[in-house]
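Same chain, two partners: chain A is paired with chain B first, then with chain C.
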Partner chain A sequence: MKRKGIIISLISVLTTALIIYNCSGGGSSSNFSDAASKVYVAPGSYDEFYAFMSGGFSGQVGVYGLPSGRLFKEIAVFSQDPETGYGYSEESKAMLMTSYGFIPWDDAHHPSLSMTNGEQDGRWLFINGNNTPRIARIDLRSFETEEIIETPNSGGNHASPFVTENTEYVVASTRFSIPIINKDVPINTYKENFGGTISFISVDKNSGKMNLAFQIIVPGFNYDLARPGKGPSHGWAFFTSYNSEQANTLLEINASQNDKDFIAAVNWKKAEEYVKQGKAKTMDAEYYRNYYDEEKQMAYSEVNKKVLVLDPKECPGMIYYLPTPKSPHGVDVDPSGEFIAAGGKLATVIPVHSFSKMLKAIDEKKFDGEISGIPILKYDAVIAGEVQDPGLGPLHTEFDGEGYGYTSAFISSEIVKWKIGTWEVVDRIPTYYSIGHLMIPGGDTKKPWGKYVIALNKITKDRYLPTGPELTQSAQLIDISGDKMKLLLDFPTTGEPHYAQAIPADILMKNSKKIYELEKNKNPWAVKSEKETRVERNGNVVRVYLSASRSHFKPDNIEGVKVGDKVYFHVTNLEQDWDIPHGFTVKGLNNSELLIMPGQTKSILWEPKQVGVYPFYCTDFCSALHQEMSGYIRVSPANSNVQISYNK
Partner chain B sequence: MIKAKSGEKIFTEKCTQCHKLDERYTGPALRDVTSRRTPEFILNQILNPEEMTKRHPEVKKMLAQYATQMTFQNVSEDDAKAILEYLRSVNK
Partner chain C sequence: MKSKSKYLMMGASLILLLVFLFPIWNIDLDAPQYPEGIGLRIWANKMTGAKEFDLKNLNGLNHYIGMKPIEPDTIQELKYMPFIIAFFIGSGLLVSFLNRKFIVVWIALLLIIMSVGLYDFYMWGYDYGHNLNPNAPIKVPGMTYQPPVIGTRKLLNITATSLPGIGSFIIFLSASLATVSFIIDKRGIEKK
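== the complex of A and B ==
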């Protein structure tokens, strides 16, 4: 009897182990073939959506197709890209200039598509650099970075660059407060000396050109995320904050004391009025704006020295604090513009504020004191409802346009679906694992395409083949077209995707650029035909004006270069048809290679240090005779008499 | 005559990286091309070279010989006609 008992308990242990094993590899759809057919994009067919996912610590943006999860491109934004020469080439180096000098990297967090009337218009994608505070603008015809603006008076630009309803502004604010203006003070004088700013960067509606319109000085909390209003709340923007304790050490404990922190509600139309009335002070600051001139195919930097600053103490009605439990992370406005959901990451509920109640509370002055001229509204006077039992660590909410919110819960690794108005949880689905942001295509706009939600997970553990200590991060595609959420697909992502955006493919496809027209190439180093190719010496600077076409460089034999010369290769791709790039590199190049699109000119600096003959070649397999697409450059001693010559 | 002149400019900018008049380069020498090919063939080859490779047996043979597919160089129909006039003018 006893033995039998042991066997039975062994079996039960095995069964339990089996169940646990299944769970850890779980999230499998009950019907694989059904899920597979929903994400299968047949060879040669197109995906339904473009998805733009931030690269996080890679500093770039990944372009994926949905529902397939296929990666199409990584757009170089804040980090140098040796594949294309971005940040290395003479034409692009200026894009990464800042008031701290040349910075080859940043931490890219929140892609944000431009909007018209609160709907995606497919013109630009904005993304923030978190570390050295910046905002970039990517052109969605070329899928290239066109502009990067620095935000001064900021220590960490996290709550950014979310766009207003008509892309009037992209916003920025300070995740880490610092002395404003920055100065040498003891860190423990935080409360006395540190402050935050909220910035509004205007976007020219024709050119997209960004300009730091004004900043608002705010108390030294940590401003975390943001969302401008829409519809009735258009003209306002909402910023979460944590560390209202104003701790300056061990924030994980010291900034988690208060039961409620704040959402700052900013009436930016009112702020605009104050600026017009001359209420803003002009403050000294230094910040770069780098822009890419498409005709000159060249990036330029401009240095700005002044910024307009508004102080809430002198601008009544411009900003209010909404008490919000607890250390809130995301703040998301529903498609109607009435509800403002906060992801109180240490809260036991999801608090949802009402915009109309907020206006009424302001009218009736239902205040609970103020901080630095900013009235604090009474929680009960602004809250619309609380979603109970929303999972642990709620972070972000997106909306499906059908009356539901979807909130990611980091600690309990799940997405919780809840109903706007009744605030009841109607469905939940596990994610694998530790979901950060989530994204519904258009889920932050007035018009979501509520077909899928993507979970952007921080941890993958056992989900993929192991690749040593560093594992891939992942996205999970979940079908939300029915009552129950259904997991369809896991796919790996590059870098760390924080947030993402998705847009129907047909909005972008039709505008996608195919070539750069040679006639419009105004690059000062361009050659428009092989006749213009040449090599010129000026002191110790040698400029090689090369053309590339299948399958040769012109010229391809160059002599007269000496040790100690600065040799600039200016390479123009003379092709004019789609998908015929050429590459360029030379042996011993201490810079990156160049990848040159049809009609484009790119330049790279080479400083030969030893005599000899150096091959150069095309790095992009361009044709059957690609291997033949090469040349030689002869390097003579510094005191040599060999004159510049080349084959014509 | 004016057309041939503008054709020469376009030819220099868009075609000479692959075609010379008297020597084989990436593609064939073109001095006598207007004697060898009909105007329709030349215009089609300039305006839609990939389609020509797919459909025209002569062009298919040329791909095997030269190994590089001719590309469209982003020229208009008028540009192509000007190039044709230029090629006529050099065929002596």
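== the complex of A and C ==
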């Protein structure tokens, strides 16, 4: 009897344990059966959002679909792309020119969509190059990089290129302070010699053309992230800074000493007035602006030699410091434009400043001293509230438009949801692992689309099939439509995804270009028909004007090229049909292939070094007779008498 | 002619002006790689693609089977057609002031010209579909590529559907209006 009782109770305990085990799931797939249907985009159906994710150290931008997490395209921005010829072709090389020469790479961080009235307008995507300070503009009809502007007087462009309410400006600032103008000084003279700048780059509202409007000289801290204001705070922009200690070595310790660093609040409308009044000094500088002319299908570089610089000492009321705990990283403005949340990465709270309190404090001169002409506002006079227990290492905040902020916490690997106004944490969800930025579609605008938050993680460890020491980067899609956040999907991303942006698909897809019109192709090396194809020699430069159409090149037999020649292949894709690119390469090409869209011309330089006959061919499986789409080019000795000839 | 009848006949003539605004015949091709569709539009005075670059793309595809490129400038019929339509508009207006018997002649003439047009269209399609370049990359023994005049035909991976366009329906409407004009004029006489 007793034994029976023990057995029964043992069985019941085991059963209960089993039930509990099954319910907790331990990440079992049964937990996600409901999630699967939320991220499943049936074959032939479209995703709801385009997501643009920074490629981080790949220097590019990834275009993904949400909620599926499928990768559609990598847009070549700061890095050469041997797939398309970007940065290799004669037409695109100029895009990567800087005052330091040709730079084939950068560290891309923060995609930022253009806005009108504080809402996404789907015209352009901007992204910063952190290493060699640059900002790129991508056209969202062609999904191609159209312009890259360098910022002078900067040691690294991190707090960039966040967009003002009507895309009046994209901002930039120096992550690392350096001597301004840069010069040869001992590094330990940091405090005397080093300075920072905050830059405002204007964007032409019709063409998108960028222009460095003015820079503001600021104390030599590290400027980290930024957000322009919106609504009532439109006309202002906020920049976090760390290393107010002005350390020049072992920053991890020496720049973590002060209790509070600063958010610089810049009144850019006031700055504009000072520029108009002639308060800006013209400083010598050298910086490139590279732009792609879509009609000529050619990139050009323009070198600028002057920059307008404002000094806060001479421009009262233009800039204030908001004390903010412990080396703040992100600074994010809520959809109403009133609240400014800071991610004090070593802080135990999320401080949220009030814009209206800030204006009042400025009015009442509630200052706590000043640095280089920049008044420091009293913390208590500007703070709206502190979110307590926000996780460890809070970095960035996005908003859902329903009255909640979502903050990423790097050290405790989680997203924390808190209520604007009461500042209480209402929900939290773990991320896998070490989340950096997070993104809600439109979560940085006046009109967030809500629905999802994406966690952009730095570490993946055991989340995917291992691929040797280098593992994939990752994003996680989390449903925020209910009271509780719910993890729906993990998906790998290319490069380290820093920040991302997402926009409803229907805003962009209707404008997406299908072809380039051949008639409008003004490339100087274009051929409009096979009749115009030819080969010309001028000294040791041979230009091959080649046409590509299904399934042949014209001409496809070329002779008379000699060792030591510079051979330019100018290839025009004569097609005007959707999704019919042609590729081009020749054996032994010390350069990249070309991928040429319908109606487009691209050119690549080939310098043959050995005598022989070299095949060239189409690299993009274009048609049933793609394998036949090939030709030969004969290379003769340098002293040969073989004349240029080709089949017509 | 009674005034109601006269206005109807005038309407039958003037409505033909609209033929210039719409395609007379549509050929639409459906292929796995063309989810967006690709097609030809035959107008009174021109031949175009259904979309901007369809004609160019069709010619590009057709070279694989050795079809001649379609060059609208070389098609003589497109040069006469506007004059023929203009003739029917002018003569129709004239007829509305004449004896009703002329209506019959006008309708008969219109139907004859339409039939000749259709036959000509058939012959044009026959020529393009049969006279193929013997060196074409794709040769399927016994295969010809004549599109149907009306209806659907499978041509390798392409399903071709050929149907009258709005222009044809306008011509049909014109002939119908003329017929009604003829009939009610007759009734008018009987009532007298």
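In the analysis below, the second predicted complex is superposed on the first by the 617 of 648 C-alpha atoms of A that agree within 3 Å, B and C clash if a C-alpha of one lies under 4 Å from a C-alpha of the other, contacts with A are read in each partner's own complex, and residues count from 1 in each chain.
Here is the rule we use: a residue touches a chain if its C-beta (ideal position, glycine included) is under 8 Å from a C-beta of that chain, and two chains touch if they have at least 3 such contacts.
On a predicted model such as this, the values are computed, not experimentally measured, just so you know.
Participant: Following the overlay on chain A, give me a clash-or-fit verdict for chain B and chain C.
Facilitator: clash
Participant: For A:549, decide between first (touching chain B), second (touching chain C), both and neither.
Facilitator: In the superposition, A:549 touches chain B and chain C alike.
Participant: Would you check which partner chain A:515 touches, where first means chain B only, second means chain C only, and both and neither mean what they say?
Facilitator: Both partners, chain B and chain C.
Participant: One more residue to check, A:624. First (chain B), second (chain C), both or neither?
Facilitator: The answer is both, since A:624 touches chain B and chain C.
Participant: One more residue to check, A:141. First (chain B), second (chain C), both or neither?
Facilitator: It touches nothing on chain B or chain C.
Participant: Between chain B and chain C, whom does A:296 touch in the aligned arrangement: first, second, both, or neither?
Facilitator: Neither partner.
Participant: Considering only the touch criterion stated at the top, classify A:447 as touching first (chain B), second (chain C), both, or neither.
Facilitator: After superposition on chain A, A:447 lies in contact with neither partner.
Participant: Which partner reaches more residues of chain A, chain B or chain C?
Facilitator: Touching more residues of chain A than the other partner does is B.
Participant: Regarding the shared-chain residue A:577, is it in contact with chain B (first), chain C (second), both, or neither?
Facilitator: both
Participant: Can you tell which stretch of chain C collides with chain B among 57-65, 111-119 or 165-173?
Facilitator: That would be 57-65, the only stretch with clashing C-alpha atoms.
Participant: Which residues would you name on chain A as touching chain B in one complex and chain C in the other?
Facilitator: 515, 549-551, 575-577, 624-625
Participant: Okay, in this complex, where on chain A does chain B touch?
Facilitator: 515, 517-518, 528-531, 547, 549-552, 554, 574-577, 580, 599, 623-625
Participant: Looking at the complex, which residues from chain B come into contact with chain A?
Facilitator: Going through chain B, the ones touching chain A are 12-14, 16-18, 26, 67-69, 71-75.
Participant: Mind pulling up the chain A residues that touch chain C in the complex?
Facilitator: It is residues 515, 549-551, 575-578, 624-625, 628 of chain A that touch chain C.
Participant: Can you list the residues on chain C that touch chain A in the complex?
Facilitator: Chain C residues touching chain A: 36, 52-53, 56-57, 60-61, 64, 137-138.
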